[in-house]
Each structure stands twice: as structure tokens, then as C-alpha cells.
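Lettered A, B, C, D, E and F in written order, each chain numbered from 1.
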Amino acid sequence: MFPGATDKRGAGDAAGQTADSADANFVVVGAPLDVSTTFQPGTRFGPRRIRSFAAPFDDYDYRTDQHFSDLGVVDRGDVHTWDDVSEYLEWLEGTLRDAVWDDAIPLVLGGEHTVSLAGVRAVEPEVFVCLDAHLDLYDAYDGNPLSHAAVTRRILEDVDSVEEAVILGARTGSELEWERADADDVTVVSPETVAAPSFALDDVVDLEARSTYLSVDIDAADPAYAPGTGTTEPFGLEAREMRDIVRAVAPHASGFDVVEVNDRDDGQAASLAGKLLREFVFSAGATAQTQ
Amino acid sequence: MFPGATDKRGAGDAAGQTADSADANFVVVGAPLDVSTTFQPGTRFGPRRIRSFAAPFDDYDYRTDQHFSDLGVVDRGDVHTWDDVSEYLEWLEGTLRDAVWDDAIPLVLGGEHTVSLAGVRAVEPEVFVCLDAHLDLYDAYDGNPLSHAAVTRRILEDVDSVEEAVILGARTGSELEWERADADDVTVVSPETVAAPSFALDDVVDLEARSTYLSVDIDAADPAYAPGTGTTEPFGLEAREMRDIVRAVAPHASGFDVVEVNDRDDGQAASLAGKLLREFVFSAGATAQTQ
Amino acid sequence: MFPGATDKRGAGDAAGQTADSADANFVVVGAPLDVSTTFQPGTRFGPRRIRSFAAPFDDYDYRTDQHFSDLGVVDRGDVHTWDDVSEYLEWLEGTLRDAVWDDAIPLVLGGEHTVSLAGVRAVEPEVFVCLDAHLDLYDAYDGNPLSHAAVTRRILEDVDSVEEAVILGARTGSELEWERADADDVTVVSPETVAAPSFALDDVVDLEARSTYLSVDIDAADPAYAPGTGTTEPFGLEAREMRDIVRAVAPHASGFDVVEVNDRDDGQAASLAGKLLREFVFSAGATAQTQ
Amino acid sequence: MFPGATDKRGAGDAAGQTADSADANFVVVGAPLDVSTTFQPGTRFGPRRIRSFAAPFDDYDYRTDQHFSDLGVVDRGDVHTWDDVSEYLEWLEGTLRDAVWDDAIPLVLGGEHTVSLAGVRAVEPEVFVCLDAHLDLYDAYDGNPLSHAAVTRRILEDVDSVEEAVILGARTGSELEWERADADDVTVVSPETVAAPSFALDDVVDLEARSTYLSVDIDAADPAYAPGTGTTEPFGLEAREMRDIVRAVAPHASGFDVVEVNDRDDGQAASLAGKLLREFVFSAGATAQTQ
Amino acid sequence: MFPGATDKRGAGDAAGQTADSADANFVVVGAPLDVSTTFQPGTRFGPRRIRSFAAPFDDYDYRTDQHFSDLGVVDRGDVHTWDDVSEYLEWLEGTLRDAVWDDAIPLVLGGEHTVSLAGVRAVEPEVFVCLDAHLDLYDAYDGNPLSHAAVTRRILEDVDSVEEAVILGARTGSELEWERADADDVTVVSPETVAAPSFALDDVVDLEARSTYLSVDIDAADPAYAPGTGTTEPFGLEAREMRDIVRAVAPHASGFDVVEVNDRDDGQAASLAGKLLREFVFSAGATAQTQ
Amino acid sequence: MFPGATDKRGAGDAAGQTADSADANFVVVGAPLDVSTTFQPGTRFGPRRIRSFAAPFDDYDYRTDQHFSDLGVVDRGDVHTWDDVSEYLEWLEGTLRDAVWDDAIPLVLGGEHTVSLAGVRAVEPEVFVCLDAHLDLYDAYDGNPLSHAAVTRRILEDVDSVEEAVILGARTGSELEWERADADDVTVVSPETVAAPSFALDDVVDLEARSTYLSVDIDAADPAYAPGTGTTEPFGLEAREMRDIVRAVAPHASGFDVVEVNDRDDGQAASLAGKLLREFVFSAGATAQTQ
């Protein structure tokens, strides 16, 4: 269980009353999909590892003056995977949609990036904001339209609600992906641009009054900050740069995931992923409280 | 390249004459399939790792008085994988069949156990001898008939030439697999039986005058001897016990693979795998010479 | 959750009826104590790691023709530790005693060996059978009577019900520990004796009609079989030798633990520990069924 | 032995004259305490690892034009730990006080942060300057007033000489810790403030004419720079930022420690720790020479 | 084979025409020398590891609008090492000179830094530009003039064509090395200077109209970015800073190497090394195209 | 320092009297040579690692009823290496000869096997008994007569006192090595022979009344028992088999080494090495006492 979260029955058990996910503000779901990774596998251990490396984090957040355990985060455990990715995504989408129908924000722990498709289908946002080293705009990769390398394309083209994608930290892609990225519905922001002191998210996308989904592919980070991911790509974002994006997007977002964490490092990727999830919750929670 | 092997063009280059795979006695092919592993992934790194940990082995074999580099072993590199396993197996089968047509014995470096299906299809043996902790007799696993856990079943039921399977070192399986194992075309030999001083392969299968394919799932070994595999299963074979089986089967075999090695240990699994491949070649080679 | 176990509420949830631990035959409890390890720490990760490496094991056991998931194993999760070991042991004992009062057999996942004291107090057996490289007969270690190195002494001297201790696989101890071991209430069986083909547990202890607790310190195994433990001691038992002891004791035992597993290897120790727990359950379960 | 240091007898042996620690300017002491770590243990290996990863550093320092081996650094080895932390700290304090009485500056290699309490008691400074991700201002953690998470509180409240604490790089704490941090005797400087080009230590504390102790909890660094520590906390300091603080404080300091390094990374934490110790010595040494 | 490169025969094989290295623009050669490393060995695995971690990089480069596989990169594999370093360097130089004579740019994958001597001898540049934490200006190290720690000295003094050396990112050296660095033919640029926004390579060296060789010792990077190297030295360059140097030098360079990568991290050093090689090729290739 | 040993000055310091190595019965010397390893390097970390993993061993030995710390073992630390192997061996020999002249038995911690040459030169035995997977009978390896792969040949042919070599556990070598092994002065005993219940050392060599040196190349063990070595070779000895050889030879031996341990496993190789050294000391010590 993510530290500070409760499981849906646990709360009721302890308090002598029925607490179910309808009371939750955020619902954590693990999605340990690990089939299309092209280089180093291990995302199946991502959810477990993120929960584990979140253990030492303090419950209290000084910046927003909130306790994580007060924010109504429920951890429903993992949706275990099987071989048929298409079916799996539908099942996962169902689980996440339950959360959405209960007015909670789903927080997906990947698993490979493909799981974002389930998250976006469940949330049906207008804007898909993504931190990623890669464009993920393949129409299909190795003939597979559900590859992690095609997820942003799938989201743009197969989810009706989505109007545009904003990809921050992207620094590589195939020629066809970059051509697709030239279209009006895609905005790519390089790591150098994100790192510039003058950068403001408002300059690249207007999130006011639009529903948004935020996806964090941990490989957006430089490998120094997140070596434990399938396809490391140097010259990436620093941890604080990613954090500032998460803080800026969270108040507008109704869905979140952090993906592509594996177990092939000494905890750097998982620790960063868990921390970014918490930053999302604190920022989204603070907004909710002040509304 | 497997140490002591040549690539098909390399020989010609050095000697000023045309050496191609038609001259080979053995053809090494890497098959880094890594899609259906149920626990720890990484078999995609198996072929590379086996070749690497074979580096320190002496070219000369005292027991059979042969040099590995004299035995006509050609390494054709890896057949890279893609998402469609069924197609991949066909392609791999084609590569291996080329070797068979040139009167060479294919030596497949896995990759997950599924690749044995391609090996057996190419070789078309009467007997399938297998070292494995598992029965691999699922009809389908998670709905997938091409899962590594179904490979011996596929081989028995889908390859016409195969009359029977002998599974040595097996110690676990589902209830349905054990029921399937009761049929006449399957012989299961427990690790304890293999380890008994009195054990002789002849007692469980007659390989004389029957074409045979030998498959070594490295998890037949106790995890002490091969921790780097997807689904470790304690109480397994010791390295010398596996070696003795390989030596006994090799003179009768026209195909070989060693599978399920990953990179999640300190080299034990890969070192054992490379050594068993060499024992196979030396034993098969010695037989060929004396014929 | 240990694979194949249920959590106490889970069963009821799924089946539409109330299943609680009163229905359980076995209760898994994690006890991640990690304070007195003298060399390599990390037993705090033992319970998690044992559960994880048990993932690939088949539910079905051929030898006893049973399914693990049919045997009524409930996993209550971990009893988290804090700094006061004495208090912690009392709390843990309370949790385990609940299981005993419900006629279930507690299965403790350590954690350092000290946790056996809580297990034995809860079960109150007449005989304490232990697999261990060490005697653990210190009166106190570094002034600490609750050190893992003193646990068998504590059990012998502080738990009234216990009449004798049998330590199998022991190969080292201080001079004072060996003197204590000379007393009538201790039987030490060397690894060589256990390994001898002629060895029978009956020769060293009569378990018929006496209540028994079985504790497996994973360092009883040779470091080849369990490198991931705090104080490795070469020349130990092989996995199959430990298994045979577990099978022999289980039918007589009303409590079980497996301890001293840490995360400093490639899974060998955890895999062996999980397997031994299952052997215990299958053997104890088979006995129960035939009674 | 820390590279470039001598042991107290070694010098005399080689030179034919009595060199003892009374001649030392700096005394290295390892304090491998590892009992209260809340997440990943292993600080017991910190001193060994820091000494080891200091091996490749050049003896000469270009910036200050000094050789480390000329600066009178004696390494007295480790003060081995035992179970009673309170007693251990007293013993360690005694060892460090010996150094202080000989007019040397103690350099403690942790071990968990708790050991700073011994250092501060021995040095009796007016100001405690600390690099840390955490406030360490718990009154007690899990009921333990000697937890690493309470060390700055202990130092502030139990060491009479200490007037104030300055915590640089802190980014997390419990609500009660932050409240304690509001008091006049605590100054907290966030990583962002430290990283700002305009930051000057003089703006937050006046060290002129006040005796000072500098403690470096390696987790002040971002996990990219020091993954090998017990409680990683993203969004931390970069290595150069920590170095500049050490350089600024060293000329005023009469005691130093670097703590919370463990062996769970590829050497990053230990390498940084050893380098910061050297920066301290070079900066303190240069000051001494010019006085 | 480096991903996107061809081997010289492979191209001809596929295309039905003779492609040999005379057609190559760049020739990759592995030089796994690993004899004089003073701290952590393993550079023998550098070439293999760099090629492996380059697997996930896209063929296409957006900045320069080029495909790596279009740029005529041939990978000739490794020049295997033996005990006589002097002889080995001559042999390696011969291999690289072949590339130079065919108007190709050699790209050497180290191996320890000593291999740069072979590269520079083959290329005979006027300027040696080097990214390195160390000066490598020893006349001899431990009596060995071919130590990695003496390579820049050897290049300056033993290769007639070389007029000057520029060492960027250097932060440590012996006193004698720093004295040698004071001479007119050496320019040292500290990491802080390289990192300054105002830094321009033109300010420290004029590469126009002068032939240049670029050597990247991966330890120029901070250990956060490249822990897998023999002698880690904190306070180093960030990955983007190294990249910008490579981009600036490449258009003027007729030889390149990246050295000192070992296998003792989670891929960070190798990933960065492979990426810098690609940046070199793209920048050099882009220049060539526009000429 | 090896646990239970003293350094030569330490004893005098504590006891107020002069204890020097003239009082020692055994002298431990680390020889971290690491230059000619052909596959995986790291023997430079062997001595440190062996000492470290010996930490958990009890001082007392039950079999011989002795305390290690009573047996007069002095640890003189490491003889640090440099590039000239020939010179290094002479220096090391000098250090070891000092011990021999003081009637102590040298105990060398390797380092690569080459260091045995220094040990044998210092001890000048008649018989060289060796546990090794390899013959080490190359006349020169890669042109290097001081390669680890030539050490037994060097000892046989260059040390006048040596009459014969007995190599136990050997299972591989070049054709020329096996031919050399056919000579009268070499006896090779296969792992299978050593493992046979009927095996007795007396059957292969008469050590009575002949001075002997015992060298343990840790790769004699199966890789399951010692993965952390340069050139793993499967089908080797089990730990208990090696122990029994050590016990049998020790009473006749005046010199001992354990070599080829590196840091590339989870401690198995180092733990076994330290334990075998202790078995040697206990067995040699027990003999001395009864004489």
C-alpha cells in the first residue's frame, strides 16, 4: 500500500463505519504491465518499488501545510496483467473509471507507458500533458499499436475527448514521430526550454477551464536522476524541473500516472516517482481545499 | 560470438577460401525472446550473457580430446525478436531449418523456453528430451498457447514427428499438467531420481535409433547453481547431474537449446548454460568422429 | 500477500459470506525485525522478499496432491517493528496467539531470529526444533538477552512449556554456547549428520505425542543456497536436506517460522524460504486431512 | 585508513620518533552505528566505504595548494558499536574529546546521524551547522530520543554550549518538527535557497568569533548524487552546492562529521562523502596556515 | 555492433554490392584495455556496455535532421588486448590508421584512457581536446609511462603533430601535473568555468583551420551522471555541459574516443558515453554535409 | 584486519609489553594483485572482502577446541601492488620470508593466483598442493610467464625446492597444459575423484615428512559456491569437499594462500575463502599443539 494511503476496507474496519472508495479523493492503482519494453524490462516491479521507496517520506508537507494521510488517498492495489494487452487495458480502464465515477482522481503506478491509455480513457480529459524523453507518437512500433512507444499517438487519435498533447522534456523520436509532432494538436517542449529560468507552463498550454490528465514517464528525467527505466536517454530533466511541472499541472488535472519505473537501479527512479506522485496529490489537494 | 565459434564469413576471410555454413557441424543462434516470463524478466539478455560468460573456457576438452574450435561451430548471431511471437517462431524456425538442411546441428541460446518450439519444428525429432523444473504442459497459460509454460505441450501435440517427451528434473506443475504427464507420451523423472547413483538414462528412454532434440531449461538446476532465471524453483539438480544427462543425450541428438537464462545473477546461470552447450558439442562431436 | 493465501476479509468479500481468521488453518504474519544483526543488515526486507519470490510457485503440490490455496492459509500482513524489542515481541506474540486460539498454525516470516521467541510463546510447544548454522545459545550477546544469537537460550529457559531444543545443521558457536549445548535439554545435529543417507529425525528426537514448533533460520543452508542472510556460514545444509527435515517435523508442529532472510542476494534465500514454508504447509495439511 | 592519513603509531614507526595524536591537527574516527535507520539499513558499512572510495583522490589540492598528507590527519579507525546506543555515544564522545583536548579537530565518519551527538558533546560548539534533507527535530522517534531523526533536537536541547542550529538543504519534516523549527534557535534554508546564485552563508548565520560544528548528512544531496543512504529524499542539493557550504563553514569549525552513507549504491554517496571531508580539511587547514 | 552502424561486409551482403570500410565516414573500434586502472577495474567491459546501452537510442536526430544509419558508420568490433600495452597500442594504432587512410574518422570505445594515445598517433592532430576530471599529465605513474594517468602527457610530448592540449572539466591532479599544466601547451578549464552560461569554447582554443582530436574521459562527468568509471571524482560536469563541448568540437575533429566506462553502475556511464559518441557523429556529419 | 588476528604492535600496546611478529605462529598478508585476470577483474578487492566476510565467524572452533585468537595470528595488512609484477612478487616474497624466518606460517590473501609464486619462494616447500579448477601450467599466457595461468608451472620449474605439484579439483586446461600434467612431477585429481566417498589424500600424495605449501584458488569450487572469481568454471567442488582437503593438508603445511576472490558476487566466494583460511589455521594449530 502506498504509505499514507488506506485500503478501502481498512478505513471502515478501523472506524466502525463503512468507508469505501466513494469517499476517496484519490485512488492509487498499480498497473505492472511489462510486455513491450524495447530495451531493459522490469516495469512489472514498478508499482511495488514505488510504494516501497515512498516509505521514508514524511506524511506532512510543509509547502502546502497538509498531511498526505488527510487527503483521502485510497490504494486499491495492483490490477494484475495478462498476455492480452488490449483486454488488460479495458479491464484497467474499468477499474479507473470506477474511481472517476466516485469523483476521485486516479493515480496510476506503471508499468509501461501503455497504461496511460487506460487512464486517459477513464478520465476523458481535453488535454494530455506528458513528461517524457520520447514522443511516443509511433503509429505502431514493431507492428504493435499498443506499444509504449505509441501511447501518446493512441491517446491523441483514439480518445475522442482529447484535443491536444503537450510533451515536456522530449528529446528524441523517429522522423515520422517528429512529423506527427508538427501537427497542431501536439506541443513539444525540449528539456532546455523547461530548464530555462524564464519558462512558464502557461506559455505553452492554457489549462484553465480544461480538464487535464498528467502522465509522468520517468525517463523524462536525466538518467542520473532515474537510471531504473527501460530506455534511458541522457540530457534530460532534473528532478526539481519535473517537480515544478507537476505542481503547475496538478491543480488542473483529474488523472495522473507515473510510469516506466523498473527495478534496475538503486532506487533513484522509484524514489523520484513516489515523490512526484505526492507532489501531485499535495498540489491537487491544496487546490481542492481552497475551492 | 560464442567463444571458439566462427561467423560464417569470418572463416573465409582469414583462410582465403569460401567457408559458409554448409561446412558447419553446429550452428549457434541466439533467440532473445522475453515476452511471457511470469516472474522475473530478462531472458532477452540470455544469449549475450551466455556468450560472455563462456569467455574463460578453454578451447580444449580433456575428456574427449577435442578442441571446440575444430568442431565446426558457426555462430550466426541473434534472431531479433518482435511483438508477434507466432511470426517470430516461424522466422526463427526458418533460420534453424537452414542449418538442418546443411546437415548442421542447431544450438539455440534462449530466450524464454518458447523458442524450443522453433527448434523442434526445424529438427523434427522423434523424442524431445528436456531438463526443466517445470512440466511446461499447460494447454495455454493466461490464455496464451505460446507461453513458455506450454512449450512441451505444444511440442508434443503440434509437431507431428514427436512421439514422446522426457522431462528430467521436473518438480512442479499444475494439477492439469500432472494429469497430462500421466499420458503414455510423457515421462517425468524427478530430481531425486536423476541424482540417485543408480540412475541411467537408458532406464527411462531408449534413444538408440531415434532422432532426438535436447532442451535445457536452466531452471532445472537448483537456484544455487542458476539463480539468474525467470522462475526459480528450489530442490533442483546440481550442475554435474545436468552435465551427465547432456553427455548421455548428445550422441543421439540433432538439435539443442539452452533457455531461460537472464541477467539477474552474478553469472552462475550463464556460465552453466555455456558450459552445458560445450558439453553437448564435445559429446556430439566425439560421437560424430568415431562414426 | 503470500501467493495462494487470502487476507481474512478478502475471502468474505469474494464469496459473499463472512470468512475470518477463525476459519484459517494457517496464519502468515510478517515480522520484519532488524535490530541486532551483527554483520549484514536487511532482515526488515525479509517478509516482503519471501512473498515476492514465492510468486512463481505452482499452487498445486504433486507429492501431497493438494492445492496451497485450498489449505486455509490467511496472510495478515506484517506486524511493523519499533525500537523497543521487548515490547515488539509481546505485541507480535499477541497477534500470533490470536491465531493459535483460533486453532490455526502461525507461520512467521522473519525478520531476525529473535522473532521466534514470540512464536514459541504464542504456541507453547514442548519441543523446539530449529534449523540453524548457529547454536543461538548465548545468555546475552553484547549485553542483549534478546539478540538473535540468544534466541534458542531464551526459548529454552524462559518459555515454561519448552522441554528441549533440537538444533539441526549447527556448525558454530562460542565455547560457552557449546557448553550449554551439552546439557540434557539440547541436541545438536551437525550438517554432516543430517546429510548422511542413514539419518532419520526419529533417531535424535521423538516428536510423537509432543507439541512442536519448527524454526528455520535460513543460514542453516550453505551460503551457496542462501547467500542473502546476515551471518553466512559455509559448510551448511543443501536445500533438499532442509526440505526433508521440514517434511518430517511438519506433521507434529503447531508453529513455524522462517527467519534471517535479507535482500542482499539474487533471491536464493527468499526463494528457498518461501518453498520451505510451502513444504511445511503441504506436509502439515496432508497430515491434518488424513486424521 | 583514510587515504593520506596516518595511524598514530605508524608515523613514529617509520620516522624513528614518537608521533602520537597530540601532534595531529585532525583525527578521523569511524562510528558505524546502524540501529535506528527507518528505511534502508547499512550505515554500519559507511566508514569502510568512505575510506575505500577516497582511494583515487589526489593527495594534492590545487585550490588551496596543499597536500592532504601534510595536514596532520590521523585515522584512529572505528569505534565499534554495541546495542546500548546511549553508552556507545558516551564512549564515542570520550574518544572524540581526546582529540579535542589534543587541539585536533575530530572528523567523524558515520554511521547514522545520531553519532553527531557525540561529536557535538565532545566539541561543545556554539553553533551547529548541518546539511540535511530532514529537520531531525523530533523530540523522540518511535519513542526513541536517540533516533537519527531526533539528533538536531538533542543537540539543541541537551548540549549546553549550543546556541543555535542552521539546517541547510532541509526539505521535509513532521508538522511538529516544523513548529520546533520556527523557534529562534533554528534556521532552515531550503535547497532552492542554497542553490540560488545570490546565496551567501553570511546572510543566514554569523560564524565569526563563534565556535562551530559542521555535520553533513549525505541525504542533503539529491538521490542522483547520493543514492546510498537510508532515507532518500528527492529535490535535494547538488554536489557543488554542498561543497560550497563546506568550504564556507570549515574555517570556523572545530568539529566535522559526514553521516548516513550506506553500501546500497555504486559508490556515489561514499565518494561524495570522502570528497566533502577532504574539502573540509583543505579549507580548515588553509585557514590555520594563514593565521 | 554499435546500433545503427554496419559491419563492413554486412552492407555488401545485404545490398548485393561491395561496401567496404573505404566507403565509411566513421569507423567504430572497441579497445577494451584494462590494466592500469588504479581503483575500480572493469574498462574491459566498456565497449560492450556502450554498444548495449545505445540500443534504445532513435536512429533519427531531430536537431541535425539526420539518421545515424545514413552517416556511414562502420563498426569493426574490438581490438582484443594482451599483456604488452606498448605492443597493443601499436596494433590498435594500425587499425585506426587504416580508417584514417580511408578518410574515415575513428571512433574509439575504451578501455582505459591510455588508448587515446593510439588514436592520436593514428590521426596526428594539431590540437588534443579532452574532457577529463584529471590532468593525466604524469610523466609516469607507478613507474609506468603508459598509465592512463600519463596519457595526455604522452600525447603532448611523444606525438609530434600535437601542438597543444585543452583539458575541460579537470578538477584534480598531482602538484607536478599542475606545474606541467602551467606550460604554454596546456589549457585547463575547470568544471565551474565550463558550466558558466558565458562559457564559449572559442575563448579557450581556436580550432578553426587546425586538425583536432576529441577525447572524452567519462569521469569528466559528475559521478551522479557516470558512476561506472574507475576513479570517480565528485563536483564534475553535467551531461548537457559535456554534450555542448562535444557539439562544439566535433565539426573540427578528425578523431574521437570515449573512455574509462566500466560495468560497475546501472548503465549511466555507458548510456552517456554512447549518446556523446552519437552527438559527435551527428555534429561532424552535419558539418560534412554542408561543406 | 582479519577477525581474531592482531596487528603486531597492537598486542604490545594493549599488554604493556613488546609483542612482535617473532611471536606469531601465523602471519596474514594481503596481496591484492589484479593485472592478468583474463575475464572478470576485481581480485584487488579480494583481501578486503575476505577480511570483511570473516566478521561473523565465531572465535571458537568446536572440532579442534581452540580459539582463533589464541593461535598467534598476526595480520600485517596488504602489500600494495604496482605495475611491475616481477618486482612486486620479489617484494611480497621478502615480506613473507620475514614471517618464515620468524618460524611463522604465512597466510596470503590474494589477489590473483600469481601471488602464490611469492609464497612458495618464501616457504621453499617440497610439495605444492593446490585446489584449482585450472591446471595453471601454461609456460606463458599471452606471452606473460607471470600470468595467473602459468603459476603452477613457474612454481614447479623455477622454485628449486619444489619436487611435485598436486592439483585437486582441476577440470580444464589447454592441450599443452594437459601434456605437461602428464609428467611425473604433476598429479591431477578431478572433482569427481575428490568427491568420491572413498577418496583419501594419502592415495595421491605422501605428505609425511615433506614440507608442503597449500594454495586454494577459490575457482576450484563450483560457481554456486564461489561465483565471485575471475574465471568461473562449472562442475567444481562443493565447499565441504574443499574443507576436507584443507584439513588433511594443513598439518603438513608451512605456507598457505587463498586466491582469486573478487567482489562480483554477494559474498559467497569471500565467505568460503575466509572459512577455509580458518580451517587451515585450526588444523595446523591443533597439530602444533599436540606435537
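Convention: contacts are C-beta pairs under 8 Å (C-beta built on N, C-alpha and C of every residue); 3 or more make two chains touch, one makes a residue touch a chain.
To keep track of the chains, here are their UniProt names: A, B, C, D, E, F = Agmatinase.
The model shown is predicted, which means the values in this text are computed figures rather than measured ones.
A.B. asks: Between D-E, A-B or C-F, which repeats the contact pattern of C-D in over half of its pairs?
C.D. replies: Duplicate interface of C-D: A-B.
A.B. asks: Over half of the interface residue numbers used by both chain E (Agmatinase) and chain F (Agmatinase), so same, or under half, so different?
C.D. replies: same
A.B. asks: Quick one: chain B (Agmatinase) and chain E (Agmatinase), Cα centre-to-centre, how many Å?
C.D. replies: Here chain B (Agmatinase) and chain E (Agmatinase) have centroids separated by 40 Å.
A.B. asks: Could you grab the centroid distance between chain A (Agmatinase) and chain D (Agmatinase)? Build each centroid from C-alpha atoms only and quote it in angstrom.
C.D. replies: One centre to the other, that is 38 Å.
A.B. asks: Would you please write down the residue numbers of chain B (Agmatinase) that are in contact with two or more other chains?
C.D. replies: 222, 224, 265-266
A.B. asks: Can you list the residues on chain D (Agmatinase) that touch chain E (Agmatinase) in the complex?
C.D. replies: My answer: residues 53, 55-60, 62, 67, 222, 224-225, 239-240, 243, 265-268, 271-272, 275.
A.B. asks: In the complex of these two chains, what residues of chain B (Agmatinase) are touching chain A (Agmatinase)?
C.D. replies: It is residues 34-36, 41-42, 44, 82-84, 142-144, 147 of chain B (Agmatinase) that touch chain A (Agmatinase).
A.B. asks: Quick one: in the complex, what on chain F (Agmatinase) touches chain B (Agmatinase)?
C.D. replies: 38-40, 171-175, 178, 191-192, 222-224, 227-228, 230-235, 264-266
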